[in-house]
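The letters A, B, C and D name the chains in turn, as written, and every chain counts its residues from 1.
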Amino acid sequence: MQMSQVSEQEVSPTLHTEGREILGVQGLSLAFGGVKALSHVSFSVKEGSITSVIGPNGAGKTSLFNSISGFYTPNEGTVKFLGQTMNNVPAPDRAELGMARTFQNIALFKGMTVLDNIKLGRHAHMKTNPLDALLYFGRARREEAELRKEVEEKIIDFLEIDHIRNQSVAALSYGLQKRVELARALAMKPKILLLDEPVAGMNREETEDMARFILDVKEEWGVTVLMVEHDMGLVMDLSDHVVCINFGQVITEGLPHEVQSHPDVISAYLGSGDVAALRKKFKEGK
Amino acid sequence: MSILKVAKRATGALLAAGLITGAAQASDKKDIVLGGSIPLTGVFAFAGVGIHAGITDSVKIINDAGGIEGHKLVYVPEDTAYKVDASVAAYNKITSQHDVNLYYGDSTAFSKTISPELDRSGKTLMTGASFASELNDPEKYPNIFIPGPTYVDMVGILMKHIANEKPGAKVGLVHSETEFGRDPVEGAKATAKELGLDLNLVISTAPGGVDVSTEVLKMRRARPDYVIFHGYVLSPIPEFIGQARSMGLDTKFMGTFWSMDNQMVGKMGEIADGFMGVMPYNYYYTEAENAPMLEKIRSMRDTYQSNAYMQGFFSTIMMAEAARNVIKAGKELNGPNLHEGLEAIKDFDTGGLMGIPVTVKGNSVPIGRVYQYDLSKKQMVPSSDWIRLD
Amino acid sequence: MDWLFFSEIGLAGLGSGGLYALTGLALVLIYKATRVVNMAIGEILMLGAYVFMGFSAGLALPIWASIILAILVTGLVGGVVERAIIRPMLGESAISIFMITIGLGSVLIGVVEIIWGANPQRLIEFMPKDPIFILDAYLSPKVGYAFLIAAIVVGLFLIIFRTWRGGVALRATAGDQAAAYSMGINVPKVFSSVWVLTSMIAAGAGILVGSIGGISPDMGVYGLSVLVVVIVGGLDSLLGALIAGILVGLIETYAGAYLGGEFKMLATFMLLVVVLVIRPYGLFGTHEIERL
Amino acid sequence: MRIGTVKESYIADAALFDTKVQRGWMFALLAGLLLLPFFTGQYASYLVCLVLINIVSTAGLNILTGFTGLVSLGQAAFMGVGAYTVALMEIKLGTPFLLNLLVAGGLAAVIGIVVGLPSLRVKGLYLAIATIAASVILHFVFANWTSVTGGVSGLSMPPASLFGFEFIQPDQVYWIIMPITVIMLFGAANLFRTRIGRAFIAIRDRDISAEVLGIRLLRYKLLSFAISSFYAGVAGGLWAYFFRVVTPESFPLTMSIFFLAAIIVGGMGSILGSVLGAVFMTMVPEVLKMMVGVLSPIWPDAVAVMSPVRIIVFGGLIIIFLIFEPDGLAEIWRNIRRFFHLWPFKT
């Protein structure tokens, strides 16, 4: 409730429909054995926008993310990023090009502190070689100092996690872990940020914080956001563009309010038995 | 724990160890120390325990008889588990605590490892459990003594015996895939040629290998009249013999020193009957004339003592004799002098340990005798006279 | 080419392959049910052989009684081991459990050395000694009978595994521990029984292996070849263990016969390398799909 | 008790030893290492050298297994590669020992990379067993490439020398071993302050997500193998200078297991753990030996059970630590420190 009030009054979403395409998915199909996870999925993400992918559980959203970030190789179709076809670009290279993501079930590295987890995000943009590292002199030292400064001043301050920077991630609450994951993604110097259910399992307060961060990332950092999310309130409030998929196919896409009232979307959730919950969510705006 | 503390405790332990070997006896003359890297545990423990007992007894006998020209002989052993690094550790430990002139090492690898150190310190003469022919080189290993024939010599003695029994016989050599196992292979080939024997089968078996059926199949094809085993204590010799017998082969089987312990051979059961081998010493039970040492051993220990015991015993009295020669000559006890003292040993009467007087040649004593197992007596009995290689 | 020799070697290889298959079966079974690679299988096998020696030579019991007692005692040890050190590790990483079995192997060697000493020993001969000739080809009687026994045990085992109720529980547990638990299968009991059962199989194999080549505390290295067998066959495939067992037996024996004893281990592990390159999860193993 | 420390800069915060007290201890330790040989006998020097060599190799294995999560049972074989390299260079070329050690590490690293190649396709246990294969094959090469390695009898080599001075006795070789160990430990600690160390830990914790975060898996797994084997190679080289004879039996599979045990007992993924583990596992047999020495007068057979007891203790330590303290001695050490930092206000 409060969520929607805040967003309506202060940060009403700006539409970027005229923006240039930063990420394009064309005819993407993916199958595991005989099971089709995605079939001919196409949509486009405009630079500077927040685009959301919605759909019932098992619709193929995470498979879509995994295909975009290069963890799965699609059977058909292409992913274009910054005008470049990604089909033969391995995942680490996509990361280096500016594709950053978070994970549905949090993939922080438990053996490292919050700070090191965030620093890890910068990996692909650093030059330190093994010899530098062993000697910790010259480049390694300089690079690490620069990174530390930037992480501290830009990311940790921004996400308000300075009090936990030296803690081990394993000891953190779920909400904080999600925030650290976002911090790590930001450290990757992203051009596009793929967020896989950024507020799942969060309480209201945490959700509000996260919504604010996502908007700030777009507005202040100028980073395009593509997210998968079940929290319809959040999706409707933040998104510039919504893509709904079910059974691995795009049912409809468009502006949030268009998608919200689209009959196929309703029936998609109906088919999955979520319809009552969905109606309730839409009604409440949450 | 700090290293210093460890060192202090080590000293304490060593003192304790010294007590059991009977260290503290007042004497105006300086003690002569015999250090030992002894494999009291591990895969070679059966030998190590025997060696240890043999050295301990001979040291006692020597000291009871007034020591070495009045100098008391002190034996300082350390367990090595038959590992080279542990042996080196033991050497370092013992030499840092004592002024060591005599040393017993447990393996060929250790002897080679420590040899440069012996040369450098120039204080010590070393003997040991290794009969490796490689060590029988006074130029390269001036501080090492082999208490018997080398492995090549052992195989040579056996082949000599074969050539006498059956000229031109077909001979097989089965050896373990270890350093000392490989030692006599080349030498055996040369000796066979010299003696006109047909060495038509050489098999190496992996250590710890359990199944020898394919090797036996090879043997079945080569049909050697004699097969010499080298580099084993027991397994897989019985299996070879058992399978050969069941295939109806009448091959005669032989072993080298470390396969020749009476009890070990006895463990083969019925197939042990007729097993032959070379042994440089008399057995514990040998009844020989003029063998006071054997009598003494039997009076000290009333049960059978292994061939390893004899080896340790013999090593000690030879080392003591070398030291005696040095002292008699009024020289300082050091490596080169001890080696001279050793080389000076001529027609030395061992009191029956060896059947004939001992003369050192090179770094070794190339004497041996062929024995054969008699199942009815459950004993190895001589089947040749003492053979001296020249 | 001496074809008779070739076929005789083949027979001998088949014989040792049978024993590999039997021990490999035990290893696969543990893995299937508990996801543990038991690196101590070789040492359990050794323990079985020593216990047999203890009963037959030490206490002079009849051979048949000694065999049964040795198998039972070793099974009991397996059960105790499972309760004492494997169960507390449930849920730990595969590597930790792998290491704990290495530790176990070491402890078993030490215990055997304390009780029976480090010297190599021979088991009492209990198999017929008449040579076996298959056509013209000679087969060492011990190897032949050992193969026969191994084959019977493997056969019996497979029948039990397919039909008996416990076997079904075991297979269910192998498929999905959590699901099996929710279906009312007593998973801890299955774990215990698997350790008991496989230790018993290993003890039997140990008696056979020991009666062929003698026993010593370091005969646990036999476990290394068995490890190759199950990796080549696929860690979770019973069929794989049987086929790879025979394969490893043959390759090892041929390498030993034609190249020399020192090539045996090399050939075995070369096979392993080749299989790992071509089929990383073994000839019949399942590749687990990784999830993000 | 120490209450909070304030740092002026990020560099100071990222320093290896971030408090005065820690730096003080560090200098005390270094001073101790410098003075040590003047106060110990040959035997203690021998033990110290052995411990140091084991520390280098253990630290290397910890980089691979503890930090990167790739289990290897090939560490001893890589040490063998280093040892043979040093022995051959010393015998055939007579080049300076530092160069020899570097080449030894380098060659071991190259072979480590080859052995690590399956690591992209196979994981965990399969990889561990692939490394067993590597050590069997390397052992075969050592034992059978007689023209180069001297076969089963191995190679005997001259001591290391510098400006005509020969490092022969343990307290002399110490001056080669100790500085190299210290440098390599600092190197290992440094590694984990940089992107490379972080990438290793990321691969250990979740290798698939690491890839999506920009870490090239194969490259970093191989790099970990290379660095780890480099450490093993140098350790092997030091071993060769220490014993001056290298045989195929010098580096058995049980030695690889020893190093794995050392990182388990010391602490996986901890440099301090590598040190503690190597010291502890090397000293345990010595302590047992002492106990035998003490017991012998009362119980003459004590020595006979020495070897089995040692084997049991070795295995038992692995088991006990894995069950009761999986983070090893390093964790115990941290707990002790924590206790004293807060003492007497909190226990």
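Criterion: contacts are C-beta pairs under 8 Å (C-beta built on N, C-alpha and C of every residue); 3 or more make two chains touch, one makes a residue touch a chain.
As the structure is a computational prediction, the values presented were derived from the model and not from experiment.
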Joint neighbours of subunit C and subunit A, given as chain labels: D
Maximum distance between Cα centroids and subunit B occurs for chain A
Among all chains, which one's averaged Cα position is nearest the averaged Cα position of every protein chain shown? D
Cα centre of subunit B to Cα centre of subunit C, whole Å, reads 38
Please compute the C-alpha centroid of subunit A, do the same for subunit B, then give the distance between them in whole Å. 76
Inter-chain centre distance, subunit B versus subunit D - centres from mean C-alpha coordinates, in Å: 37
If I count partner chains per residue in subunit A, which residues reach a count of at least 2? 71, 103, 107
Note: subunit C residues in touch with at least two other chains are 118, 262, 265, 292
Where subunit B touches two or more other chains at once, by residue number: 41-42, 45, 177
Which residues, counting only subunit C, touch subunit B once they are in their complex? 2, 5, 8-9, 12-13, 15-16, 117-122, 125, 129-131, 138-141, 143, 209-210, 212-214, 216, 218-219, 221-222, 253, 256-257, 260-262, 264-265
Going by the contact rule at the top, pick out the subunit D residues touching subunit A in the complex. 10-11, 13-14, 187-188, 190-191, 193-199, 201-202, 204-206, 208-217, 223, 226-227, 269
Contacting residues of subunit C [partner subunit D, same complex]: 37, 85, 88-89, 92, 94-96, 98-100, 102-114, 118, 224, 227-228, 231, 235, 262-263, 265-266, 268-270, 272-273, 276-277, 280-281, 290, 292
In the complex, the residues of subunit A that touch subunit D are 69-71, 90-92, 95-96, 100-101, 103, 107, 109-112, 116, 119-124, 126, 128-130, 132-136, 140-141, 143-145, 148-149, 152, 184, 188
Subunit C-touching residues of subunit D, taken from the complex the two chains share: 69, 71, 118, 121-122, 124-126, 128-130, 132-133, 136-137, 140, 143-144, 208-209, 212, 257, 260-261, 264, 305, 307-319, 322-323, 326
